[in-house]
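Sharing a structure with you now.
Labels for the chains are A, B, C and D, by order of writing; each one numbers its residues from 1.
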Amino acid sequence: MPLRTVEQYKNSLRDGRAVYFRGEKVSDVNTHPVIGLAVEHATIDYKMAEDPRFRELAVMREGAEEYSRYYHLPKGGTDLLKRSELIATSTRAAATLVILIKEIGTDALFALHVVGGHMAAKGKPEYLERVQKYHRYCRDNDLAMAVAQTDVKGDRSLGPSAQEHPDYYLRIVEERKDGIVVRGAKIHTSVSTNSNEIVVLPTRAMKPEDKAYAVAFAIPANAPGLKMIAATHGSAQKDPIEHPISARHKMMETLTVFDDVFVPKERIFLQGEVEFAGLMALTFVRFHRFTAVSYKLPLMEALSGAAYAVAEANGILAASHVRDKLTHLAAYHTMVRGLIERAAETCTVEHGIAVPNTLLTNVAKYHFAHNYHQAVQIVQDLTGALLVTAPAAEDLTSEATRAYVLKYLGGRKGFDAERRLRLINMISDLTASDYGAYQEVLAVHAEGGFEAEKLQAYREYDFKSVAAYARTLAGI
Amino acid sequence: MPLRTVEQYKNSLRDGRAVYFRGEKVSDVNTHPVIGLAVEHATIDYKMAEDPRFRELAVMREGAEEYSRYYHLPKGGTDLLKRSELIATSTRAAATLVILIKEIGTDALFALHVVGGHMAAKGKPEYLERVQKYHRYCRDNDLAMAVAQTDVKGDRSLGPSAQEHPDYYLRIVEERKDGIVVRGAKIHTSVSTNSNEIVVLPTRAMKPEDKAYAVAFAIPANAPGLKMIAATHGSAQKDPIEHPISARHKMMETLTVFDDVFVPKERIFLQGEVEFAGLMALTFVRFHRFTAVSYKLPLMEALSGAAYAVAEANGILAASHVRDKLTHLAAYHTMVRGLIERAAETCTVEHGIAVPNTLLTNVAKYHFAHNYHQAVQIVQDLTGALLVTAPAAEDLTSEATRAYVLKYLGGRKGFDAERRLRLINMISDLTASDYGAYQEVLAVHAEGGFEAEKLQAYREYDFKSVAAYARTLAGI
Amino acid sequence: MPLRTVEQYKNSLRDGRAVYFRGEKVSDVNTHPVIGLAVEHATIDYKMAEDPRFRELAVMREGAEEYSRYYHLPKGGTDLLKRSELIATSTRAAATLVILIKEIGTDALFALHVVGGHMAAKGKPEYLERVQKYHRYCRDNDLAMAVAQTDVKGDRSLGPSAQEHPDYYLRIVEERKDGIVVRGAKIHTSVSTNSNEIVVLPTRAMKPEDKAYAVAFAIPANAPGLKMIAATHGSAQKDPIEHPISARHKMMETLTVFDDVFVPKERIFLQGEVEFAGLMALTFVRFHRFTAVSYKLPLMEALSGAAYAVAEANGILAASHVRDKLTHLAAYHTMVRGLIERAAETCTVEHGIAVPNTLLTNVAKYHFAHNYHQAVQIVQDLTGALLVTAPAAEDLTSEATRAYVLKYLGGRKGFDAERRLRLINMISDLTASDYGAYQEVLAVHAEGGFEAEKLQAYREYDFKSVAAYARTLAGI
Amino acid sequence: MPLRTVEQYKNSLRDGRAVYFRGEKVSDVNTHPVIGLAVEHATIDYKMAEDPRFRELAVMREGAEEYSRYYHLPKGGTDLLKRSELIATSTRAAATLVILIKEIGTDALFALHVVGGHMAAKGKPEYLERVQKYHRYCRDNDLAMAVAQTDVKGDRSLGPSAQEHPDYYLRIVEERKDGIVVRGAKIHTSVSTNSNEIVVLPTRAMKPEDKAYAVAFAIPANAPGLKMIAATHGSAQKDPIEHPISARHKMMETLTVFDDVFVPKERIFLQGEVEFAGLMALTFVRFHRFTAVSYKLPLMEALSGAAYAVAEANGILAASHVRDKLTHLAAYHTMVRGLIERAAETCTVEHGIAVPNTLLTNVAKYHFAHNYHQAVQIVQDLTGALLVTAPAAEDLTSEATRAYVLKYLGGRKGFDAERRLRLINMISDLTASDYGAYQEVLAVHAEGGFEAEKLQAYREYDFKSVAAYARTLAGI
């Protein structure tokens, strides 16, 4: 099957899925005032595949076959660099908001390949076979995919079996000949409302007593019993002049409920093998944090670019403190970019799949995330308080106010009020709106939080070897 | 005249003022869907004066006379501590959003007393007399006051007279026997839409050629020619369950245009004395930054309190990294509070008015401001991604979704889903919404930005004395 | 007995004490090339008491009696402020190195009074009586005192009784009618080589099984069985031109071994009451961290003063980044100073003794300590690499080199090479020598490390009250 | 000519050079108690070339010819990676102190090739020819080279011609047919006392009036009129048990005086072409900062290795805050390493020479430098105060003290006192001694300070392109 068109994608979402928004079932996500925006945002992916400017990057050709590059299994550093470039390019085209309908799903597929390889090596070849088949199915049908990983967790200091409530982690409630029935809920599931497939992965390592919780699988978005309760953050209607980014771009998250959902055998990728649950969770984030850093690059470009452009508009580009702050943003962006590119180049190949250097990826991700709020602060600092005190879009056209706004809100010579306000509005949308807040929270939490990143870096760093050096220096 | 009631305050705002919202003139600010919220917020001030819990703190008695403590001219450290406590208490009652309708106006009045004292000492006693009379007028009529200080500035690297456009700073365009006519615009004027009086101050030091720009005065909010164009940031309608703070509390800012406004002589506090313009600007912020730090205290309490409460709800209070982050918030709050209290105690009395220690005030303000985003990051970190992925208020009542939400979003044993969501919604409102963004931008810009604070600290610190000590140590 | 003279102090140290330096017993600490320097440094205390410039501050008069103010039991904030001023003043006179021969001992005495008060309230009045008597003895004889608190600890993750080795914490090995015999070793004991008395305190909270380790007492420095093994860090001989501070000022630390030392009953302040061990350790640091912050103030003055003076000498005072860095140092000093003064003012009186505000003290200490290295970095940055590449003292006098050095190493007009080099040498001594390193390590470790300070701040901060506020805001 | 032996190198330094130490001329640097140490340190370079473990890396073979890899002109990323590896490896072998006798000189040679290429392109081919010839001469004779760049500068706010004193920057005082005579002085010249050649470069951009100051050349270390006045920092004699690194490793710096030194024509690389002075200065640091980051890697390995080893010895490896601090060190090292490797890979080839990516190099260098003191703080924190309170080397052997030290200073089970003390002594030497301070100052100042690094990053970052992106997002 060839790559899908925008229309095909939209039609595929009219499949009877159970999506709830503000307590009500959504009849068609395409026409919903909020979720429709997310659908529209996701179509950028399909448009890029047809756009001559992006086609080379976005589409793989193997003989007569064509498929989206996202689905390409990376064989080495070059593939990973290309993938990173594709993710950055599409996010850039999507105005700093990641598209994600293929990024995250393929991260999961890559991880399933690697873990499937490990399982095959331990005498369980069936999982890898299912993964390979499922991968081809998604690729050949050019599907949009979500990944549901984070369980609701209840008391976060307790494991799955120790919870007050047996369903605080997703679990198998029935094993049948032809498949399993699962119950539970995942949170923070991104792009689920407008995906075709939902891949479900365990969120953590499991102990022997957690057997029922060691489960991974994939189901279509309209699977019976699957309910998606949409988040409403950032869903107020917005003026495109005041919110040039978020009036047009949106990503949806859901609380994804599995109310006794049946999963057929060929879609099950883990079923009770507790020893592989942690590995699966971890392998997924090894890919997904690489994806994450890649899609953060346009956001960082927008921050340093905005800071520079507005400093110019405000006439303060020559001030020493301004240069210092711009340099800080430049260094921030440069470091994260340099590290993720180096992570691609120093990948390891595991079971035939190139895995980005985990240490560098985690360090890059942590550095991005931990310094994001400070970068926002700098951009806010250079822009000025008009971020929150600017007049309305209507004030630029109203007879009563237009003349005043145009007269008084100009900047440095040659920078008129309207352009300056549009620039400031964009920066306000980027850093001082619910969209800006969304990006802050994503920086902190998406793809695992600070402590997870630090833990993985701690484990990957070669302390033994440097400690040996230290002991040599000490003569002991 | 006794203290005003809420009704008297609201009635006083029906005075024909020219307020524009989204390009349209507002007929009554009280009933406007957005500005009405700001009026309601401001009434907390008038309610507190009648509330037995706050009366002692909020009201001064001198013989039979009663007036709002804000108007009390501080004579020493104790007065400043009380004032700080009043500001913090009212902001706490107002759910972390400062009320400001008396705070900022009295900061201006105190500064005008001090500068008036200086001017009297230089042979110009009339200004101080006008200030004293105006102060009594505002106090005795229990008025709400705004301060318009920041000019629109155009090219920020140029002074008033050097701008492309003569009106980029507010200026006197006509001097009459009985007063002056002024033209220009001020931005970021807070609470102007719902104040009775607007005090206008210069925003910077002036040079001899800037004579027409060296002007300070006060006018009523309905003065002919005065136009206020309201900012729309954060003005979307909000559900009080999802936004428990900002659905109920609002502050308005305006672009405040002076389209040839007449100011009578007795309301003029500076008219061409360029040498006092900078002093006036600076003296105002010496008081106003003290006010600012005082009103930030409840915000910092809310941050550390929210972090603690949600860590408890999530069951992670015992984790070492959580303790570390909570300690960081505790130290942040403690330091800012300790410093501002010390600033009150080590005040200097100038022309009879106690001025908070300027070095300590600026250092406290800078420390607050520069570390605010990091504090937000910590709170977001401890709360979790539900900040932006939580279900809607309606999902708690809808038949279709209620059971799932209640079942799956509970926290640590004993912390049910509804309470947890309400807590998370509050934190989202505080740190991950347009209100949260507004607080971030205020931290950076309100009462002068980072560089202004650093400059004033540099000037106030006694480098001469410590350099002498260093030279002594060096034996030179 | 009146205050002692320098001679009396020095003579008192010729008491047969067992001090070892580089493996050899020291016959007279006064004449030892390294320890003699420490004695000389300590004499500043006795000189100040006679110096009219300091007498008022350093000496208390009660009727005909005179005694060193250090021994004055603080009754309130004013006493604490005076004590802080005395500590800062003497450290300033001692060129940034604390004298400590009375500071630390009186911190211990104050803590023993408070804990003695608690013990008396629990039916054990004898300890308080002993403390009071011992306090008068030290005060009336104007004694120099060391405090030995930190046990050697072995495996720091284990408590006293759980160690591989029973003597890793100091313990009672014999209880006699007239006293006890103790065995063990304390480390990091400052000024022990040149004190008259050694006060010994427990280093941590104890459990029931640690009874033998719950012990506090005081002994003279020449007690039989007491051995002090001196540290050698920073003990190379130094040229006073190249090291204007450390060539003249020195503090000694020892590994203090108690090889079955007898302690008479009236000198025992804790004997097996495990429940008071932790309180005693903690109460001591409540005073001692206040002392610490007080004696750090001259060090911070020296840092910002040095930075300013050398920036002036180098001709870079007008550069924007230089101002920024100087402001950073100014703010650092101002904050720590403001917080410690506020800690004095908001003290609590416990059993008649004023205890500095523990939360503020710990926050101030942590802020000082955690930011010290960065402050050093700034000073090094502004000074230049001559810190480590400057010519020798002899190059300023040698025929062969003098002319070149004078010609080439001048700074800004009017700042000749010799003065500039002396200034740079002082800064090198302060920040880029073993003395500088000693100050860095002290910042990190003295009076308890980072984690101890953070833990105490966490415990003292009122999380309950702010969490209640957060819940109120959330409506739960 | 083949590679030199250690003996040949040492003999070559007996050439009558004028080196002064503490005001006295040094007759033979090899036998001087301090400089001899620096010579010994430098011999590691010559030993590595003969050592089978390093030969492959250290020596280039071209046909029958062999020469030190340092002299190899880099053609691309691979060459730069190898060079970086060589620099790191030799510094690792030299116990964290860079050897530098070939590193810095070849940085200068590479820069001279690039600038010579530019000059040739502008019609001045003679300089490149001289550079090429000189490069072959140094390479074929396996010479040790120093680079003298930093002028003494006087008032650092003024340029060369504007100084009070014409010799504050090195200048040409006479132009002859066969060469030039130069006068002035350079500071911070590393390894000059034990090099064969001194390359002299301008330190900054020049203006037309600075023609006499636009000069670059090379001279032998024994050139008449050349005087080197050695720095004495860190030159006290040290016990190798207490200072296992710095008792054996030393680098010398000099004030390098050019008292009318003649330079023959073929050794002149710039003579009055003011427009190339700045380029030459800058091109040199483009290479030299890459070298710098490379030689910092072993220092960072030592820091994180020491922290890990001592945390293990102290029994605190499992503590959460310890892990956090170790992770910080790991991330610090990983980032700097990743960035510098990426800088090699993304080099640009200019006039046939591969120049490391300047943006990445400067960002890596700045990140290393700006965070160095904090890394030191962490290591000090984890090690404990024994860093400055440990007993002497002699205490481990003296009858009087040995038993106490061994008994009491053990760590976690299995970590005896002697090994623990040796480890702590090494860390003390590395972070809390004059050697540690030297490394701190080097971090701040060597290869140009913070502001220089930031300025170059600012210039290299592509602000135009990101600003265009920001404007696109804003729709302007």
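As a convention for this text, a contact is a pair of C-beta atoms (placed from the backbone, for glycine too) under 8 Å apart; a residue touches a chain by one contact, two chains touch by 3 or more.
None of the values given here were measured: they were computed from a predicted structure.
Chemist: Determine which of the two chain pairs, A-B or B-D, is joined by the larger number of C-beta pairs in contact.
Modeler: Result of the comparison of A-B and B-D: A-B.
Chemist: Can you report the angle of the rotation that maps subunit A onto subunit D, using C-alpha atoms only, to the nearest 5 degrees?
Modeler: 180
Chemist: Using C-alpha centres only, name the chain that sits farthest from subunit B.
Modeler: Checked the centroid distances; the maximum from subunit B is D.
Chemist: Give, as an integer number of Å, the spacing between the C-alpha centres of subunit D and subunit A.
Modeler: 43
Chemist: Rounded to the nearest whole Å, what is the centre-to-centre distance of subunit A and subunit B, using the mean of the C-alpha atoms as each centre?
Modeler: Computed value for the inter-centroid distance: 38 Å.
Chemist: Which integer distance in Å separates the CA centroid of subunit B from that of subunit D?
Modeler: Comparing mean C-alpha positions, subunit D is 52 Å from subunit B.
Chemist: Which subunit D residues sit where two or more other chains touch them?
Modeler: Each of 319, 321, 324 in subunit D touches at least two other chains.
Chemist: Report the residues of subunit A in contact with subunit D in the complex, numbered from low to high.
Modeler: 92, 95-96, 244-245, 298, 301-302, 304-306, 308-309, 312, 323-324, 326-327, 330-331, 333-335, 338-339, 341-343, 345, 359-360, 363, 366-367, 419, 422-423, 425-427, 430, 454-455, 457-458, 461, 463, 465-471, 473-476
Chemist: Where on subunit C does subunit D make contact in their complex?
Modeler: 20-25, 150, 152, 154-158, 164-165, 167-168, 184-185, 187-188, 227, 229-234, 236-237, 242, 253-255, 257, 259, 314-316, 318-319, 321, 370, 372-374, 376-377, 380-381, 384-395, 397-398, 400-402, 404-405, 407-413, 428, 431-434, 436-438, 440-442, 444-446, 449-451
Chemist: Flag every residue of subunit D that touches subunit B in the complex, lowest number first.
Modeler: Per the stated touch rule, the residues are 319-321, 324.
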